[in-house]
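Next come two complexes built around subunit A: one with subunit B, the other with subunit C.
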Partner chain A sequence: MHIAGLGKHGEKAWYQYKLIRVYNPRETIDMLEIMDLLVRIYNIFFGASVLFLIAVGLNIIYGVMKIVNLAHPAFFVLGCYTIAGTGMGVMINIFGSSIIPLLITPPLLAAFVVAVSSLLIFPLFLFISGKGDEVQLLITYGLLLIFEDIFRLIWGSEPLRASQPFELAGSLSIGEYLIPVYNIYVIISALVIALILWIFLFKSKSGLLLRASSMDIEMAAALGANVKKVLLLTVLIASFLAGLGGGLFIPSASAMLGMSVEFLVLAFVVVVIGGLGSFLGSLVGAFIVSVLRTITLILFPELELALIYIVAIIILTLKPEGLGGGKKW
Partner chain B sequence: MSKKTGRRDFLKGLVSGLVVGGIAGVAGTEIYRGLAPPPPPVREEIPTTPIKAGIQAYLTGGGALWGKPMMQGAILAIEEINERGGILGRKIEYVVKSETSPEETVREYRTLVLDEKIDFYVGLISSSNTPAVGPVAEELQTLTFFVDGCTDFLFESVVPDPRFCFRITNIQSADGVAAAIGAIKLLNLTEKDKVRIAHIHPDYAYGRNAHAHMQITFEKVLGKDRVEVVYEAFPGLFKITDFSPYITEIIANRPDILASSLWGADVVNFYKQAIGYGLFEKMKYVSCIAHAASPAEAVKDFPDGHIAGVHANYFFLYPEWDKYPINKSFVNNYYRRWGTYPDSPSEGAYVAVYLYKNAVEKAYTMIGRFPEVDDIIRALEGMTIYGPAGPIHVRAEKPNKHQCYKDGIVGISKYDPRFGFSVLDKPIVIPISKITVPEGWEGTPDPKAGTLAYSWIRETWREGVVPV
Partner chain C sequence: MVERLKRFFGDDIKTNFIFLTIIAILYPIIYVFSPGWGVVLGHGVTWISALLGFNLLFGYTGLLSFGHALFLGVGAYTVGFMYKYLGINNIELHLLGGILSSTVVALIIGPIVVRYTRIFFAIFMLAIAQILWSLYYKFYWVTGGTDGIKIPRFSILGISLEKLDFATYHHVYFYFVTGLTFILVYIMWRIINSPFGLTLKSIRDNETRARFIGVDIYRARLYAFIISAIYASITGVLAVNHHRLVTPDIAYWTTSGKVVFATLLGGARIFIGPIVGSFVFHIIESFAMKFIYWQMVMGILIIAIVILMPGGIAHLARTLVDVVVSHRRRGG
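Right, the complex of A and B next:
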């Protein structure tokens, strides 16, 4: 058969295309491809939720205290370990295998433990606030390593799991597809947390104080704000969110040493893309990183995280303050 | 005159014959007694100072699921030997150091040799570390048993003519080959017209090696055009906690089998999350390594009916206990000492210590004094001993000189309520001689995969034939 206008190579390609269309069974099942897409979107939301919960605290601390807190992911991992190492066992002793309390209590417990621990290092934050970048980076990174050693000291070196809620929640089947219900819970929780945080930051008086201090802390002090109290509130909120995130995330994975560093890198890319010190920026950045990761895995699984860094470099070159930067909050 | 032998003469002759014969017989035994033993060597006094062993194992991070049992296996062997009076009366002491990154691991190794003055060394899990420590062991001239870190590169290119390093665990290429053959036989893949394969492996030397050797085995045994690779991913080792995007891509490409060498914390995270997405109902998971270490933690509720590899080494239920008491007593002693069941790394470390003991004793019977390191090496080369996994042989000649070989097994995963975790069911034994480069083979490593085994399979296997 001659196909007009295609030329020799074009004709071959057309035949190959036809061959694929006829013999590739996937072409005929469009429904499945739509489902693939939906599951991918679902994964993007899950990944973004976790990244958002880490990055937002990093951003709040930077916004108000101007500290690039490299130890922040360790707060998140402390939340993970609190639940995987101790908390989940206690909760199961109390609640047995009833699902609702096992979903709700662990993140709150983790958030509480992490917030209390952050009080212990609050003086350190006061000390490095206003010091040079290199002092802050060295001290916060050192803090991250110390945290890792504390995890090892308390919970040992083996990976720990707390997967009971993940398993109890089971999977939702849609057609021939299964998706884990627990991840839906994480996504919804992250949305609710984001909403509450937004209301707090933009509608409450403390939120106003926080935003004011982040814009000009001296002016805020001159106008009568108790700066020390504001700083304490900042650290408490940031660590509470990190703990909450860790407690929410851990049932779907395992707590292991070295996790803090992995999350540090990802959270940093989120912040770089979204803009340092911006609430909306961390939301946008988390989504972009999560979308990029999924695209990489579809198109060039070999590259893994490379695409994320490439985009981060492009954004840093074109808009160094990040997508949401410049415009505060 | 003819002399006739009379009755009296006959009797006389008989009696004297008996007497002479008897005397000769007795003398013969005496002479024989004098000849039988080898010339008695001049036995020198054995020193009474203890022998010092150095153990180096992953005690932190995702690799601890391997490092801890490895350390426990070595310690058990040392304690057993000490309880029975030591090696030629000398007790063994041990020092434990931690395995980490290559530079740090080498530094700790040097400390063991130079400061602790160890007599022999048992350690290492990672294939990044053995090529770093191997040359140092040769330089410092210390008898070194690598338990794992089984990369083909070590004895093929890094230390091609080793004197002081030995390695217990089967060579890495055998891992991927054994799992692929296990999958082909246990899943009857030869009966399928086309097999769609997805791959997921950790992104470093081991994952790449497993990927290459599983793939070439599938292509050779099933025929190249019957194998279709639909997806390949290489997540960083212990860097990914959320595998859901990978799981979704694997499912979306609809493979028949998923070939994987994920291990340690990675395999736990992967399979737990994959259960949530129903991956295991949609394809067969072919793992070369998931059941190999700490099965009680690593594969506690692993789904049934998938291909379970043990790194082509050892699973504590096999060889069956009633048929092979060495394994039974090892499992019992290990359980009594550590409260858990042994696995591939613990068996490897246990065998390493016993190889040392056997070599020292063998050398002693030959030279009559406590052997120097060179005597022990001579005794080790070509030695075969019976370990819990069966006979294990130390290769004496190139290629892969000083690599140990034993038959591997692959089975089907099945939850066992007696133990409370997933075990190997219906295991098939993969004879190591059929899947690894034979002694004396003169080929060149494949430029792409970098191993001799890859070229050997490519050049010598017949397409479409199951080699085992």
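Right, the complex of A and C next:
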């Protein structure tokens, strides 16, 4: 849950306080070392789940359309804001405090909203696919700027929270440690989503088309695939996943401006470590980045990003195709 | 006449000097009518250096950096630290310090990042800039955190400006920066039109062929990167002397966005582009700042410029001259 990185409004302090409360077992450190390890591992899984949901979309769009979509993390943040700004209030009105619907509906709503809004941008994606790198980078960067201000326009510049599901789910206490049940739910959901995505990509006909188009789009078109439809499907899936990620993540954090860039920087390391355009790579990368983040947040929180990037640069130098084995998908 | 007009809007060092001179002459008149717009011109002339540096990297070398705020931040915090820990407020020493520190930073980062191009270079720069921003922000006992470091008015060659009234002080600042910009523009012109500049253009246009004819691509890129860093840090030094406050904002990613946008607006790949872009950008900004969704305007304009007029204002002016000229010819 320590994803929110360097918030501008003292959010960080809040997290660090929480971190200390969860991690500092006062005088009984030696006794609880195994538990300590377990809590850390569990935190690593939580971080990896969220990063995976962002990075896999980034990779799918790159794989099929050859666009590095700098605005992709903004999709994720749009999901966060949809729930924190509007969705959660509505849902509490409808469902009261019954926990199951409050766990399931927000991510789906966020994913739906994000997928629909990605339809609006789809023509722009069609326009830039096949254009030069500079054009793609500049246009998606422009989109990122626009998104950041749309969040400000609609939801204001104060950090927003939607922690009701997180609080309702309560926490398990193991020894002196508190493990929020909600985070376990996020980890399980991410695993289920990854599994469904894997089945879709590797076992279904649409998935086959998608992978085929990513390998040679002209050949796929020549063989009768409706390429435009495939591209639309790609953008929809990627944004749907980002929205799901946002809806799942937000109850344990808060939505604030500048988050898109924070996650862009993180998701990009995931992609670099795992290899651009690889499904397996996003899993491996998300896991490694999350391990690094968890370790650095405990040892030297100030240098978190710096250390992650040093590792990324080392990996890129030694193995330019990434740890995903360099194979597509 | 036609040729002269065409050359005026083309690539010619004289055009740049004439443009800057016109602004320098107009500045007092504008300041008398409205000091606010005078200050806007001051911002415009301050930012030229960073945009020239960015254009060397983006327009002439083909490396798109989303993290130029990194070097503005280095320049700015060099000034901040020089004042806070050494009590120096001589602007010459600030400039010297900024140049030295940005060279050091560029020598540390450059050898790593210039190995990568395109998306990797762009995002590495963004990430490194964000890392440095977070350091300025988190080590508040050194940097003052979000409160920043307040610095007094600078002094030139040991002459203190503390006793001047604001208007005179601003005039001194404006003409000092304009003078400096003349020098910087001239140096950049010489760099771009030297064999080294041609090497950079050849790398931009076709990396493989450039390597084939024996160009040391890595080294050429590294030099361009260092020069670009120095130019950006000079703007950092000047800008904080203008605001007299050093905050992490100058190293935040939105500053990089401004650099990218202003250069595109003026016209990347065209020498005069950044110079025009800097002024036009600050004029638009001072209108749009009242409208708080300024980033959105910037994003929309970036997309529009990339799609509709990739050459920016400089290219537009050039085409306009062409159209007018050919029309007159047909009429005559």
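Just so it is clear, the second predicted complex is superposed on the first by the 291 of 329 C-alpha atoms of A that agree within 3 Å, B and C clash if a C-alpha of one lies under 4 Å from a C-alpha of the other, contacts with A are read in each partner's own complex, and residues count from 1 in each chain.
As a working rule, a residue touches a chain if its C-beta (ideal position, glycine included) is under 8 Å from a C-beta of that chain, and two chains touch if they have at least 3 such contacts.
Note that the structure is a prediction, hence the values are computed from the model and not measured.
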| query | Sharing subunit A, do subunit B and subunit C clash or fit in the superposition? | reply | clash
| message | Going by the contact rule set out at the top, does A:Glu302 touch subunit B (first), subunit C (second), both, or neither? | response | both
| Given the touch rule stated above, what does A:Ile104 touch, subunit B (first), subunit C (second), both, or neither? | neither
| message | After the superposition on A, what does A:Ala212 contact: first (subunit B), second (subunit C), both or neither? | response | neither
| request: Figure out whether A:Val227 sits in contact with subunit B (first) or subunit C (second), or with both, or with neither. | output: neither
| field | First (subunit B), second (subunit C), both or neither touched by A:Arg152 | value | both
| message | Contact-wise, after the overlay, does A:Ser171 reach subunit B, subunit C, both or neither (first, second, both, neither)? | response | first
| Now for A:Ile179: first (subunit B), second (subunit C), both, or neither, which partner does it touch? | first
| task | Name the residues of subunit A shared by its contacts with subunit B and its contacts with subunit C. | result | 152, 262, 302, 305
| Touching subunit A in the complex: which residues of subunit C? | 58, 62, 64, 66, 112, 115-116, 118-120, 122-124, 126-128, 130-131, 134-135, 137-139, 253, 257, 260, 264, 292-296, 298-303, 306-307
| remark: Contacts from subunit B onto subunit A in the complex sit at residues 59-62, 64-65, 68, 203, 231-236, 238-239, 241-242, 244-246, 248-249, 251-252, 254, 264-265, 268-269, 272-273, 275-278, 281, 297
| In the complex formed with subunit B, which residues of subunit A make contact? | 26, 33, 36, 39-40, 43, 46-47, 50, 152, 157-159, 161, 163, 166-167, 171, 173, 177-180, 182-183, 249, 252-254, 256-259, 262, 293-294, 297-298, 301-302, 304-305
| field | subunit C-facing residues of subunit A, complex | value | 6, 68, 70, 124, 127, 133-135, 137-139, 141-150, 152-153, 261-262, 264-265, 268-269, 272, 302, 305-306, 309, 313, 316-317
